[in-house]
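What follows is subunit A paired twice: with subunit B in the first complex and subunit C in the second.
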Partner chain A sequence: MSLLHWAILAPFIMASFVPFVRKKAAAIHTGWFVLILPVVLFVSFLQYLPVTMNNGSIMQTAAWIPSLGIDFTAYVDGLSLLFVLLITGIGALVVLYSIYYLSKTKESLQHFYVYLLMFMGAMLGVVLSDNVITLYMFWELTSISSFLLIAYWFDRDRSRYGALKSMLITVFGGLMMLGGFLILSIMGDTFSIRELAAQAPELNNHPLFLLAMILILLGAFTKSAQFPFYIWLPDAMEAPTPVSAYLHSATMVKAGIYLVARFSPIFAFSGYWFWIVGAVGLFTMVWASFNAIKQTDLKGILAFSTVSQLGLIMSLLGAGSAALHFDSLDDNLYTAAVIAAVFHLINHATFKGSLFMVTGIIDHETGTRDIRRLGGLMSLMPITFTLSVIGAFSMAGLPPFNGFLSKEMFLLSMVQLAELNLFNLETWGLLFPVLAWIGSVFTFIYSMIIVFKVFGGKFQPEKLEKKPHEAPVGMLISPIVLAALVIIFGLFPNLLSYSLIQPAAAAIVPSIIPNGSQLDVHISFWHGFTTELMMTIGVVVIGMILYKFLPKWIGMYDYFPGRVTLNKLYNASLYTAERGSHSLTKSYMTGFIRSYLVYIFAFFIAILGFTIWVKDAFRFDSSNTASIGFYEVGLLIALLIATATILMAKSRLTSIISLGAVGYSVSLFFVIFRAPDLALTQLVIETVSTALFLLCFYHLPKLSRHEEKRRFQIGNAVIAAGVGLIVALIGISAHSTKLFPSINEYYIENTHTKAGGENMVNVILVDFRGFDTLFEISVLSVAALGIYGLIKLRLEKGGEQNENE
Partner chain B sequence: MKTNDVIFQTVAKVVFFMIIFFAVHLFFAGHYYPGGGFVGGLLTSGAIVLLMLAFDMKTVKQGFSVDFKWLISLGLLFSAGTAAGSLIFNVPFFTHAYDYFQLPLFGKTSLHTAMLFDLGVYLVVIGVTMTIIQTIGESE
Partner chain C sequence: MEILMCIVAGLLFAAAVYLMLSKSLLRIIVGTGLLSHGTHLMLLTMGGLKTGAAPVLGEHAASYTDPVPQALILTAIVISFGVTALFLVIAYRAYQELGTDNMDQLKGTEADD
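Let's turn to the complex of A and B:
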């Protein structure tokens, strides 16, 4: 375990202290305590910058499950460092913001911060793991913490619905991804991503290559809310706004982007990769930006816009994979797409983070996020207005903000794709720039909606619950920091060029960079009157016109059939699955334990009988059997009489006592065959269980043998006889077949010498097979608690009903 | 009708202690002679059940003001703790240690960590048996 490992685990350790801090120092907002961690982590990870700037990397391995080749390997390179800085940096700002957003008296802060820290640790684990299994573990942990955070206000229906939806979709993707990881690791015989990447050319020719790729992409697409899996993200907006800003815009949804970037060195040679990642990304971008316009909830617009921007980055990564098909760095146009992807990733985190926080402020100060009720806030909330102008204009791709730069680079990359002579792009290539341009127009329109519908127009105080005013300073700090970054990155983009962007991009396309050299990253405002500038001007002009006439064409959305949406599909399939399993379960769960016993024993007979028959497993070997003497015969007769008594008895008491007699006879058999431990245990168990039966006896309905139907009796008799027969057959066969030497020699030799005991049975229980015993007592405990829960709960529920009557 | 069970109750009081002593004996003898935590625990529960039959649940509950569910967790803690304890000494999970000591009164005695584990089993078995019986017995 190195310092790096502790850095990943630090949030989890911190989380375990949160409840105590909350309890002991209730007067201070718990957020102040939590805030320390992301700040410290951010600063300490900055120290890795000099290493990654030279395309270096650091790797620390701690053995976790060495026998399976699963190690906890932390790996820092340009790509992971970029994400770590995003996670800790935005994390610090979000925690600061949440201190003012969440009331320390009304909210259960301990839950919030425990989940938030859990997420932070999981996310660090995702981006720093080199081992796919560790990565997967942390990946699912982010889904779980996201689930908990969305359902933070769990008394709201929509919160629970959104939480469940995000969980189902992302965990489905996660499982697919695990499958992909396993296939990949079998193909390459290692769990390490770096080692897999080293054998990328061989993996490419493997027959399972495509399957592994699609499965892993499913993980990435579900997490990063790509079409058609994006439906969970708008519903995830039920989470508190700091969570939306952090998880559902800046970090967690980018885990899919990270995954695609991380696996680019392995998969990107394939044309499928180019088409799937590029096309899905681009389509998502257009589709989500188109749908953002009809949203009326401010956070809904931001959710769709996040989906759209994620699609944009995804499509850039797809386009960037074309770079790998050119060997040299000179005039390799397509590395520009990768650089644009990384740059836009940073920009999106800054402007979208600030926009979410601004939305939170509006929600907090006016009591609504519905743009139909908002308007005219410009003079009331001047700082908030300025912040949202910066954020939204950057998102729309206007100068001098950072969004302009990366949007230009995006358009340029898409234009260049049309000229690429690869993957059949000669015929379809033109679609890329056209779709990108259309998406950008919609992006422009919804950015304008965010600014002008909320801050422009008429002020409608009668529709608001609160009297709006400017937010407290503390709440404004975080969005101001982010908005400042939007401008700084916009004016001086080359601050980032070689410190963050180049190392990260180099980690995505390592194979084309010769040792010691670097990608050429130079970002500038002015390139002359190029195609992409013309496109941007077109976006602004057309966007303005369309925004102006928005009321004229907004009705167009009504023509889309409301019945065939993906959400309807999700709801319907969930409903069908629930109803289907419910009615299936109801069809055989009769509530009578005797029915269940019949099922169990019928299967028992069928499966074992079938196996014995098919495998021809029955053996009878009388050479090694004990002689039958007086005691054996006597006991057998007693056993038969007792059994017959149970069947014939008119009263239940007689049956119970006869059952005890059966048990005692069996334990006497143990005595005869010299198994004192078994005999002892059996005797005591019989005693205790007879007592237990007598207790239950009190609650059972009166025995009424004559009411039982003949068919029922015959069925039971057949089943009972079958079980007896099968068990006898297995017993005889097992005794007559000696496939391997018995293990008892081992126990005889070692009981005294190694375990220091004399009683072999007990030594086996507590020492040789101690694990079995440990799990058995655990099972017993669970059973006892289960019985306790069943009976006590039932009573309480009945009690409640009585009260209601 | 009021049943007269004076004899039963008187005998039960005495026999209870005999069974408990026998159970403790079985528990300690476990590593060398028939017995052990499981049987010991069952027998102890048997003794308590005997008292419950002779008197009634409420009386017994007053006598033993133990929450048997606690015994379950205590026992599990003992067993899992003994198993995990070996990790502190940097030997594989579940490695037992034992040695022989010359103790006053007992003479040569073997002390074995397996006994701690077995103590856990003993407690869990009592806890489980009594929880089940008490729960079912109490429900009306």
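Let's turn to the complex of A and C:
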């Protein structure tokens, strides 16, 4: 365990102290204590920057289950470090914000911070693990802690619905991903991602390659809310706003992005990867931005916008995989896509975090998030307004904010894809820039909605629960810091180029970088009059026009996706699954013992009959048999007649007597076949059994049978005949295939010499195999005790006296 | 003879299964009784029915019947007796408490759980 491991585990350790702190220091908001941790972690992880800037990496291994090759390996490179800094940095800001957002007295803060710290630790584990199994463990921990956080207000129905939905979808993806990991580690014979990446070319030709890829991508897509798995994210907005800001904009939903980026060195050379990641990402981007416009809940808009932006990053990662197909570094335009992805990842975390916090402030100060009730807050909440302008304009891709730069790079990458002549892009390539442009227009429109529907227009105090005013300073610090970063990264993008972006991009596409050199990451603010600038101007112009006439065409949403949405599909499939399994269970778990016996016997017939047939096991060999004697046949006939009488019997007495007759004929068989002890025992026991039956006779029901439907009788008869047939067939076959002689010679020889007895059966029972007898005695004793207990103990029905006493 | 015995054991099994599938508790118990008879006969048959002396050394015979299946059957008889006795008392008690021996009526409903 190195310091790095302790850093990952620190949030978990801290979490275990939170309830204690909350109890002992109730006067101080628990968040203040929690805040220390992410700040310390952020600062301490900064020290790795010099290492990763030189394309170095640090690996620390701690044994976990060494015999299985599962180790807790922490691995820091550019990509991990970028995520770690996002997680701890935004984590610190979110904790600070939550101190002012959550009431000290009304909320159960210990739960909140325990879950939040659990999540933080899990997220650190995800991005720092090199072992896929460890990665999976932390991955599921993020799902669980996210589930707990979404249902923080667990007395609300919608919270629980949202939490369950996100749990089902992300855990489904997580399990698929585990499958992918296992296949991958079987293919590469190692659990280490780095070692797997080293053998990427061999893995590419493996027959299971595509399956592993699709399974891992399912994990990434469900976590990162890609189409069609995005549906959990809008419902997760029932969580407290700090949670939405942290989990559902900046960190957890990017775990899928991280996964795609991390596994790019292994999968990216494949054309499938390019198409799946690129196309799903781009489609998600357009679809979610289109849907964001019709939302009326501010957090709903932000949720769809998060989905859309994640799709954008995902499509850039897909596009970046094209870079691997060009050898020379100098004219490799497609690495620009990877750089854009990393850059936008950072940008999105900053502006989306701040937008969520702004939404939280509006919610906190007005009592609603419904944009139909909000309006004219510009003069009342000037600082909040400024922050949301910065965030939303950056999201829309307007200068001078950082969103502008990454949007430009996004459009540039998509335009370049159209010119690529790989993977059938000659025919479909043009779709990429066109869709990207359309998505950007929608993005522009909903960004404008966020700003102007809330802060512009008429102030409607009568619709609000509270009298709105500016938020307290403490609540504003975090969004101000984030908004400041939005502007700083926008004006000085090269601040990040070589410190964070280059190492991260180098980790995503390592194979194209010749040793010792660095990717040329230079984000220039001004490219000149390029295609993408024209596209951006087009976005702004068309977006403005569409926004202006929004009331005219917003009605078309009513016609369009309303009827068939993925949510309806999700709900219906859950309902059908529940109904279906309920009726399935109901259909065969009838509660009648007869049904279960029928299943058991039918299975017995089927499995044994099938085996006899398939293995051709039936043998008939009468050479080794004893001759048929006169007495035996006579006895057999008596036995069968007695049996038939039981079957036909109408009264209980006939059945009992006939059963006795069967028993006595069996004991006569024992006499004929020279088993004196058996005959004796059988006689006695049959007598006692019959006596017992007769003893119960008085209390037993008068009729021995109940009327049954003809259908059941025939069914019973068929099954009974089948069982009998199978038993007889097996008996005959078994007898006809004697494989080796009996061991009885030993007993015959040694009964007298070693055990000192004459009666072989008795000597076997008490000497050679005495243990059987011991436990047979126990069986009798238990049966006797049971009978005694059944007769004597009458606990139920309030001390009703036993009428037999 | 063994072939014939196998067929008879099969018939006993068939009768036992038919009884066990019926509605009446008593018939089910009678069915289990028949089933154990069938099993015992089968055990004996599988050991071989070749004639020889009873397995008692005092006979001084040239050959004896196989003592091992006999010991097994003896154990089985005693155990099945114990189980049958217990079944019988359970049936008696069930009938006493519930007032029916119809297996269709002795069915838990969803309201019970």
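The rule is simple: the second predicted complex is superposed on the first by the 581 of 805 C-alpha atoms of A that agree within 3 Å, B and C clash if a C-alpha of one lies under 4 Å from a C-alpha of the other, contacts with A are read in each partner's own complex, and residues count from 1 in each chain.
Criterion: contacts are C-beta pairs under 8 Å (C-beta built on N, C-alpha and C of every residue); 3 or more make two chains touch, one makes a residue touch a chain.
Bear in mind the structure is a predicted one, so any value in this text is a computation, not a measurement.
Asks: After the superposition on A, what does A:780 contact: first (subunit B), second (subunit C), both or neither?
Replies: After superposing on A, A:780 lies in contact with both subunit B and subunit C.
Asks: Comparing subunit B against subunit C, which has contacts with more of the residues in subunit A?
Replies: Touching more residues of subunit A than the other partner does is C.
Asks: Considering only touches as defined above, state whether A:677 meets subunit B (first), subunit C (second), both or neither.
Replies: both
Asks: Based on the superposed arrangement, let me know which partner A:593 touches: subunit B (first), subunit C (second), both, or neither?
Replies: In the superposition, A:593 touches subunit C alone.
Asks: Between subunit B (first) and subunit C (second), which does A:792 come into contact with in this model arrangement: first, second, both, or neither?
Replies: first
Asks: Output check: A:755 vs subunit B and subunit C. Expected answer is one of first, second, both, neither. What do you get?
Replies: In the superposition, A:755 contacts subunit B only.
Asks: Contact-wise, after the overlay, does A:747 reach subunit B, subunit C, both or neither (first, second, both, neither)?
Replies: The second partner, subunit C, only.
Asks: Just to be sure I read the superposition right, which of the two partners does A:770 touch: subunit B = first, subunit C = second, or both, or neither?
Replies: A:770 contacts subunit B only, not subunit C.
Asks: Per the contact definition in the header, classify A:692: touching subunit B only (first), subunit C only (second), both, or neither.
Replies: Touch partners of A:692: subunit B and subunit C.
Asks: If you lay the two complexes on top of each other, which residues of subunit A touch subunit B in one and subunit C in the other?
Replies: 676-677, 681, 685, 688, 692, 696, 699, 757-759, 761, 765, 773, 780, 783-784, 787, 791
Asks: Enumerate the contact residues on subunit A facing subunit B in the complex.
Replies: Contacts found on subunit A: 676-677, 680-681, 684-685, 687-688, 691-692, 694-696, 699, 755-759, 761-763, 765-767, 770-771, 773-774, 777-778, 780-781, 783-785, 787-788, 791-792, 795.
Asks: Taking the complex as given, what residues does subunit B use to touch subunit A?
Replies: For subunit B paired with subunit A, touching residues are 26, 29-39, 42-43, 45-46, 49, 52-53, 69, 72-73, 75-76, 79-80, 83, 94, 96, 98, 110, 112, 114, 117-118, 120-121, 124-125, 127-129, 131-133, 135-137, 139.
Asks: State the interface residues of subunit C toward subunit A in the complex, per the touch definition above.
Replies: 1-24, 26-27, 30, 33-34, 37-38, 40-42, 44-58, 64-68, 70-71, 73-75, 77-79, 81-86, 88-93, 95-96, 100-104, 106-109
Asks: Within the complex, which stretch of subunit A touches subunit C?
Replies: 591-594, 597-598, 601, 620, 622, 624-629, 632-633, 636, 639-640, 643-644, 646-647, 652, 655-656, 659, 662-663, 666, 669-670, 673-678, 681-682, 685, 688-689, 692-693, 696, 699-701, 703-706, 708, 712, 716-717, 719-721, 723-729, 731-732, 734-735, 742-744, 747-748, 751-752, 757-761, 764-765, 769, 772-773, 776, 779-780, 782-784, 786-787, 790-791
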